[in-house]
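Right after this note come the structures.
What follows is subunit A paired twice: with subunit B in the first complex and subunit C in the second.
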Partner chain A sequence: MTKYGLVIDQERCIGCHACAVTCKQENNVPMGQFWNRVLTEGGDHIDTPSGTFPDPGEASTLDMAYQPTACQHCENAPCVKVCPVNATYTRDDGIVEIDYDKCIGCRYCMAACPYNARVFNWDEPEQMPEEGTGDVPARPQGVVEKCTFCSHRVEEGLDPACVVNCPADARIFGDLDDETSTVTKYIDRYETDRLLEDRGTDPKTYYISGEMSPGRPQRSEKLESELDERPSASNSDDDADSGGDEGGYGDSGASHSLDGDPMPHVPAVKQGGDD
Partner chain B sequence: MTDQPTSGRVVISEFGPRGKAWIGLLAALVVAGVVAWGYQLTTGLVVTGMRNVFSWGLYIMMFVLFVGLSAGGLIISSAPKFFHSDRYEGFARLGVLVSLGCITVAGLLILPDIGRPERLYQFFTTPDFRSPMVWDFGIVVLYGVLNTWYLWLLTRRDLAARGSRLAFGVEDTDGGRKRDRTLLFWTASLALPTAVALHSVTGWIFATQIGRGDWFSPLVAPVFIAKALVSGLGLLLVVSLLADRFTGFRVDREELASLGKILGIFLAFHVVYLLAAERLPHAWASHFEFWAITGTFLVGESAYFWLWTVLGGAVPLFMLAVPSLRKRPSVIFTAGLLAVFGTMFEGIRLVFTGYNVANIDLPPGISVGGEYGGITTDIWATTGSYTPTLVEVAITLGIVAIGALIVTLGLRYVPLQRTEGQPVHATDGGERGDR
Partner chain C sequence: MAKSRLASLFGGTTDGFFYGIDTNVGQGFHRVAGNLWGAFLPPTNAPTDWKNCRTIIAWGSDILRSQFQMDSEHFLEALRNGAKLVVVDPMYTTTAAKADLWLPIEPGKDAYLALAMMQVVLDEGLHDEEFLRARTTAPALVRTDTGELLRASDVSAAGDDESVVAMNSETNDVEALAPETDGSYALLGEYTVDGIETKTSLTVLKEHVDGYTPEDVADVADLNPDDVRTAARWLATRGPGGILPSYGVGRYIYGHVFGQAYAILMALTGDYGNSGNIHNQHGNLWGGNQALQVGDYTSPGTESESVSASPTTGVGYKDVISAIEDGQFDVIYAMESNMLVNQFPDRKRWIESLKNVDLIAWADMHHTPSVQHADLILPAAHWFEKEDIVPSYSHPHITYRHKVHDPLWEAKSDYWIMDKLAAHLGHEDAFLGDKHEELRMLVDRDDRLDFEELYEEGTVEMDYQTIMYQDEFGTETGRLELYDDAPPVESGPGLDEEVSLELPKPLEARTDDDYEKSDKYPLVFMQKHGVFRIHSQYEMNSWVREVNTEPQLDINPKDAKTRGIDDGDYVRVHNDKGEMVVKAKYNDGIKPGLINTDQGWWDRDYVRGHHNDLTDSEVAEVGRTFAFYDTRVEVELAPDDVDTSNYTGGNPVGANAEKTGGD
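Now for the complex of A and B:
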C-alpha cells in the first residue's frame, strides 16, 4: 500500500511563506483563506522571537522557529469520522480529501479538526485573478475545503506544490510505507515530532527539529517548467497529452524516473513522491 | 390509571382578539425568519457571526437548548404511565404537545446552519454511521415521530368524541379507550429510552471531539440528561401556568407544587452536584494550595458561567427550597423561567469553551475567512470570537415561533384538558406559549 506523508525540516525552514503562497496559487485558495500557513514559534507576533536581547555580559535567550501548518492527513482522522455524509474520506493512498460535490457544509469536521486546518466558504469564493491561477476543481459557497497534498499533482507523478517550491528544500514528500523513500529514512534518522500527538490522531506530517537534515533530494538540473520533453518514463501510464492539464506549470509531467541521477531512495515504480 | 376513562376537552374554543394578535405576531416572526433565511442562502453564511475559528454559533447553541427543552413534557407524561400511575395526568397531554413543539424547533434549527441544505438528502443516501451527527439525526426524527404518535394516541378518542377530523377515523369506544391505555404503556416504555438516547447522543456530538478542549469529557452526556430534565420541566411549568392564565387550561395546584419540588431536585442535581463533579478534579489537579484549589473550583471563567449557575441555578433553587415560597404559582413560574434561561447559557458556554481557544495558537494564527476587503484586511485570528448577527437572531426567532404556533394550535384543536366533571370555562382569548 502507498501511504503518502510529508516531512518538514524546521531547521531548514527559513519562514519565507513560499509554500503558503504557492499553495494558494496552485489550488485557487480563496482570498481571505489559507490551506497552508507558516506559523512563528517564538514571540507574540509573526516573525518575532521569544526571549530577550543580550545585555552586556549576558547570553541572549532569543529563539525563533517556523512551523508550516496545513492538513496533517491523520491516519485516525477525526474529520473523516464525523462527516455525516462521507464527503470527507481517506483515499487508498492515505490522502484525506473532500468531495466538494457531496459536502453539505455542516462544519462538524471543522469542530473535529484539532489543527484548525479546514476553512469554510462563508460566501462565494473569490480569486485574484478572477479565473484563478491553478487547475483544480472549483469549490462553491457553503462547503469546507482544505489541503489535499496536491492530489491532482501526485496523481501525475509530481510532488505537491509546496514541496517543489520550497527554496530551502525543507519539505520532503513521499511514501511512508516504502522503506527506501526519503521520508521514511528521515523519520528513522532524525528526531521528529508530530503536532498534538497526545490527541491520538496519528498525523502523516512529521516535523524535524534539532539536527538539520540534507533536505529534499534534487533529482534534476532543470525546473519542471524547463523540461522541454517528457521524460522517457518506462513505467509511466500517462497518455501523451495528460501533461498539458497541469495548469501553470506548462509542459510538465516530470515524474520520478527522470534520467540523470536517480537517487537510491526513490521508489522505482510508484507514482508521486520524491520527484 | 383511573377507573374512569379520562376524557379531555379543548382549552381554547375560539381565538379571541388577543389570540388572533398572538398568532399574527408569531406568523410575522415566521415570515421574517423565512426572509432572513432566504437572504442567508443567497449571500452565504458570511451574514452570520461565525468564521473559521468559531464555526458553530447561535443555531447550534439553540439546537442544544431545544433538544433539552423537548425532554420535560415527554418524560413527565410517560414516566408515570410506565409505572401504571396517573400522577401528573393533568400535565401529560400539554407536556407531549410542548415536547413536540420543541423537537420541531430543534430539528429545524439545523437547516440554517447547513451551508448547502439542498444536499441534505445524503443523510439517507450515503450516511457514515461513525458520525455522531448521523446518530443524532436519526434519533431527532424518531423522537419527533414518537411525540406525534404519542400525542395522537393520548387524545384520539376525545378527538373522535368531538367529531374532529384529527381522529382519522378512530371511534370513541370503551374498548378502544382500554386498548389505548395498553398502547400508551408500550409507547411510554419506548419513549423513555428514546428520550435518554436523544440527550446522550446530542451530548456525544460534543463529547467525542478530542480537538475541542472541555468538550472531550465523559460527563457531557449525563450533563445533557440533567439539563434536559431541568429545562424541560421548567418550560412545561412555565407553559402550563401561561395556559392557565390565558386559556381554559386549568393547572392542578397540588400537581404543580409537586412538580415544582421535583424541579428543585433536578436543579440541585444538575447545577450543584454534576457541575461540582466536573470541576473539582480539574481544580485539584492544576493547583497546589487549598485556597487555590477551592477558588478555582468555585469561581467560573466567564459571564455565561455566572448567568447559568447563579441566575439559572442558585436563585431558582432557593425559591423552590423555601417552604413558604415554593407553593406559589408565581414563584414556580419564575423558577421555571430562570431554569430555562440558565440552561440556555450552559449551552452557550459549552460552545464557547470549544471554540474560543485554538489548540495551535501560534502567530499569525488561523485565517478566518469571510468577506475579503482588500490587502489591508486582517484575516488572522489566534482565538475564536463570536457575536450573533441580526440575521441569525431573526432566523432563530422565526423557527421558535413555529414551535410556539404548534403549541398554540394544539391548545385550540387538541383536547388537552382532562375533564373531571367541572364546567367548561369560558376562554378569554389566546394563549401565550412563552418559548
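Now for the complex of A and C:
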C-alpha cells in the first residue's frame, strides 16, 4: 500500500513563508485563508523569541523556531469520523480529502481538528487575481477546505508545491509504507515528533528537531516534470557512489542527501505537470 | 544596457551605484585587499564551497531572512557539516536562532569587537605565520620616526620607491617584498636599518589592538569577554572559516572601518584563498562571469559612424541630491526605480529637490510613490511581458527569459520606449528596433555564448571560480595591507577631531552614547531588510500582505513600558527630521535602546510619515554611503486623533486590495 506523509525539518526551516504562499497560489486558496501557515515557536508574534533579552554579558535564554502547520493527514483522523455526510474521507493513499460537493458546511470537522488546519468559506470566496490561480478549481461559499498534500500534483508524479518551493529544502514528501523512501529513512534516522501525539490522531506529518537532516534530496538539472525515468530503490543506491563533488552547480548537492538519493520518491503515475 | 547606451548618445548623466548605498563595508575591505570588483561587499568563495567552512561568523547579517533565495541551502549544509555559527547582531534573528554563539552587540560597536578579536588572536599566538609572511604586509617595516613604511629606496640606492621591505631573520638583512616572496621574514620586533628605527607592521598592529582587550571592549559593546575569546579562537583554530557580513554594518556612517578591520582579522587567521573561506553573505558575482560581455555597447564611441556618442557622466547617489538641488538637471528620465521618493534617506529633501527639475518622466510597471512625482508616467511592461536576457548575482547562470504574455493595456517594454526616445532625439540607428534581434546581436558579441543555444535552453551555466583570493591581491604591494601609511582622514559627524586611519579605529556618529542629541533621542533606529521585500518591491502583493500586514515597530518591552506603550499600540517615532506612526510590536529579541521597522514600506502604508523621513543623507569620507541605521529617535504613544482605520477598520479578511492599492 501507499501511505503518503510529510517530513518537515525544523532545523532547516527559515520561516520564510514560501510554503504558505505557494500553497495559496497552487491551490487557488481565497483571500483571508491559508491552508498552510508558518507559526513561530517563541514569542507572541511572528519572528519573536521566547525569553527576555540578556543583560550585558549574561548568557542568552532567548529561543525561537518555526513550525509550518497544515493538515497533518492523520491516520486516525477525527475530522473523518465526525463528518455527518462522509464529505471528508481518507483516500487509499492516505491523503485526507474533502468532497466539496458533499460538504454541508456544518463545521463539525473544524471543531474536531486539534490542529486548526481547516478554514471555512463564510463569505463568497474572493480570489486574487479574480479569475483564480493554480491548478485546482475554486471552492464555493459555505464549505470547509484544507490542504490536500497537492493530490492533483501527486497524481502526476510531482511533489506538493510547498515541498518543491521550499528554499531551505526543509520539506520532504513520500511514501511512509516504502522502507526505501527518504521520508521513511529520515524518520528512522532522526529525532522526529508529531503534533499532539497524545490525542491518538496518528498524524502523517513528522517534524525533525535536534540534528539537522540533509533535507529534500531533489537535485537535478531538470525539473521533476522533465525527468524521463524515476530510479528504483536499487539504482538510487548506485547513485550514492557516483555522487561526487566535481564542482558542477547542478551536481553540487550530491553530498546534500542521506544516500545520494537523486530525486524524491513519489511514484510516477504518469508524466506531465506544469512545474 | 539600453539605458546607458541611450544616455551616451547625448552625453546624458546616469546615476551610479558606485558610492551611495551599501558600498561602505566594501570600501574599507578594499583598502586592505585592493582593487576588487565593484563597490559592494568583497568577493567570496562560491556558495557551493561553503560546506567546507568550519567557522562562520555572520556579522550584522540575517542571511536566512534577507539573502536566502539561493544560498540558504549552502549555509545550512555548512552547519550540518559541523561548522560553528557565530552571529553578531543586536537583534535575535532567524539566523541568530540557529547560532552556536550569539553576540548581542551594542549597535555601532562592530569595529571594537573586530579589534578585540585581533587582540585575542595575537595575544594567544593564534595567527597564521606562514600566511602573514607570504601574502600580507605583516613583516613590512614601519619607520618609527615618520610612521611611513620603509621603502627599498630608503635602504639601497638600487631600491625602488614603491617596494616595502622586511627583515629576513636568517640573513639579518632587509629584502623587498614581492607579492608572494617566500622568506623567513620577521613578523614581530623592532629593527634599526641603516640607522632608521623601525618595527614590523604586525608589531604596530599588535600595539594598537592591545588597547582593545575583550574586557575593554565587552564593556563598550555590552558583550561577554569569554564569548569574544571563543569567537576569535573558533575562527583562528578550527580550520578554514570566514566572516560573512551583510550591508548592515555599512549602514552606520563609519561602517567602512569595520570593512578594514575584518579584512585584517581574516588576514591574521589566514582565511584567504582556501576552500572553506567566506568573505561575504551572498554568492557575489561568481567570479564575474555571469554578466553578458557586450564590449562597448553601452558607450558606442567609435563603433558606428552613424552614432555620434558623447561620454556618459555617472553620478554616485550621494551626489545626486545636491546636483538636483543645484538645478543641474532639466529633465530626469527614470525607470524601474522607486529610490528617489521612497528608498533614499532624508526623503522630504528629495521630494523638495524635484521642484528644481523641469520635466520628470517615469517608466514603471507599478504606481510607486516615486512615480507619483512624475510629470509624465510611462506604463512599462512587466518582465513576464517581454523577452530579455538576465544575469544574476546569486547564481552562475545567464538566463533567456521568454515572454509569456502580451503587455496589458498600453504598457510597452522599456526597450520599445528607449528606441522611440532615441529616434526622437535624432538617433534612429541607435537600436535595431526589434528586441529579439537586439538580444541576438548582444549575445553574438559574447564569445562564450551561442544565441540559439541560450534561446532554446533558457539557462546556461557559466564558468565560475570556486575559491577566491588565490592570486596576488590588487594592492600596490600585491599583498593584504595591514598598515596604511597614506591613510584617508575622517572628519565627519560625531568626531571631535580629524582621525586618520592607518589602522582601523572605532568611529561613531549618532550611535555614540556621547552623541549630542542622545538624551533627546535615546533610541537607535534600524530598518532591517526582511523576507517580504526586495527593496520596496512586492509591497502591493496581496498574498504577502496577508502575512506582512503593516509596518510595525520592533521594540523591547522594557523600552515600551517605560514609555507607557502596550503591545499593539500605535506609536509616533520622531526626531528633528520627521516622524512616522506605526504599530508597536513587543519583541524580546531586540536589544533595549534599539528599535526596528523593516524597510520597503511605501508612504501609503504608514498611518503617518515614513521611515525615511527620519534618516539622514550624510556620508563619510571613505565609505561615501548613506547611513540609514545611524539614526536616533524617540518614541511616544501616537496622538489620539491619528486615523488608523486603514488597519483597524473594516473587514479584516486578508490584505484588502483596495486598501493596499495594488492590482
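Here, the second predicted complex is superposed on the first by the 220 of 275 C-alpha atoms of A that agree within 3 Å, B and C clash if a C-alpha of one lies under 4 Å from a C-alpha of the other, contacts with A are read in each partner's own complex, and residues count from 1 in each chain.
One rule holds in what follows: a residue touches a chain if its C-beta (ideal position, glycine included) is under 8 Å from a C-beta of that chain, and two chains touch if they have at least 3 such contacts.
This structure is a prediction, so every number in the text was calculated from the model and none was measured.
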item: First, second, both or neither for A:194, with subunit B first and subunit C second; value: neither
item: Contacts of A:45 with subunit B and subunit C, given as first, second, both or neither; value: both
item: Subunit B versus subunit C as contact partner of A:25, first or second or both or neither; value: second
item: Touched partner set for A:91, first subunit B, second subunit C, both or neither; value: neither
item: Partner chain(s) touched by A:167 [first = subunit B, second = subunit C, both, neither]; value: second
item: Subunit B versus subunit C as contact partner of A:69, first or second or both or neither; value: first
item: Partner chain(s) touched by A:126 [first = subunit B, second = subunit C, both, neither]; value: both
item: Touching partner for A:57 - first (subunit B), second (subunit C), both, neither; value: second
item: Shared subunit A contacts, counted only where both subunit B and subunit C touch the same residue; value: 31-34, 43-46, 48, 123, 126
item: Subunit C - residues contacting subunit A, complex; value: 48, 51, 64-65, 68-70, 72-73, 76-77, 79-80, 92, 94, 97-98, 102, 104, 218, 222-225, 395-397, 461, 466, 531-532, 542-544, 546-547, 556, 558, 567, 585-592, 653-655, 657
item: In the complex, subunit A residues that touch subunit B; value: 30-34, 37, 39-41, 43-46, 48, 67, 69, 78, 81-87, 102-108, 110-116, 118-124, 126, 140-144, 195-196, 199-201
item: Touching residues on subunit B, where the partner in the complex is subunit A; value: 43-46, 48, 50-53, 55-56, 113-117, 119-120, 122-123, 126-128, 130-134, 137, 205, 208-212, 354-355, 358-360, 362-372, 377, 379
item: Complex contacts: residues of subunit A adjacent to subunit C; value: 11-12, 14-17, 20-21, 24-25, 31-34, 38, 43-54, 56-60, 62-66, 123, 126, 128, 167-169, 212-215, 247-250, 252-253, 255-256
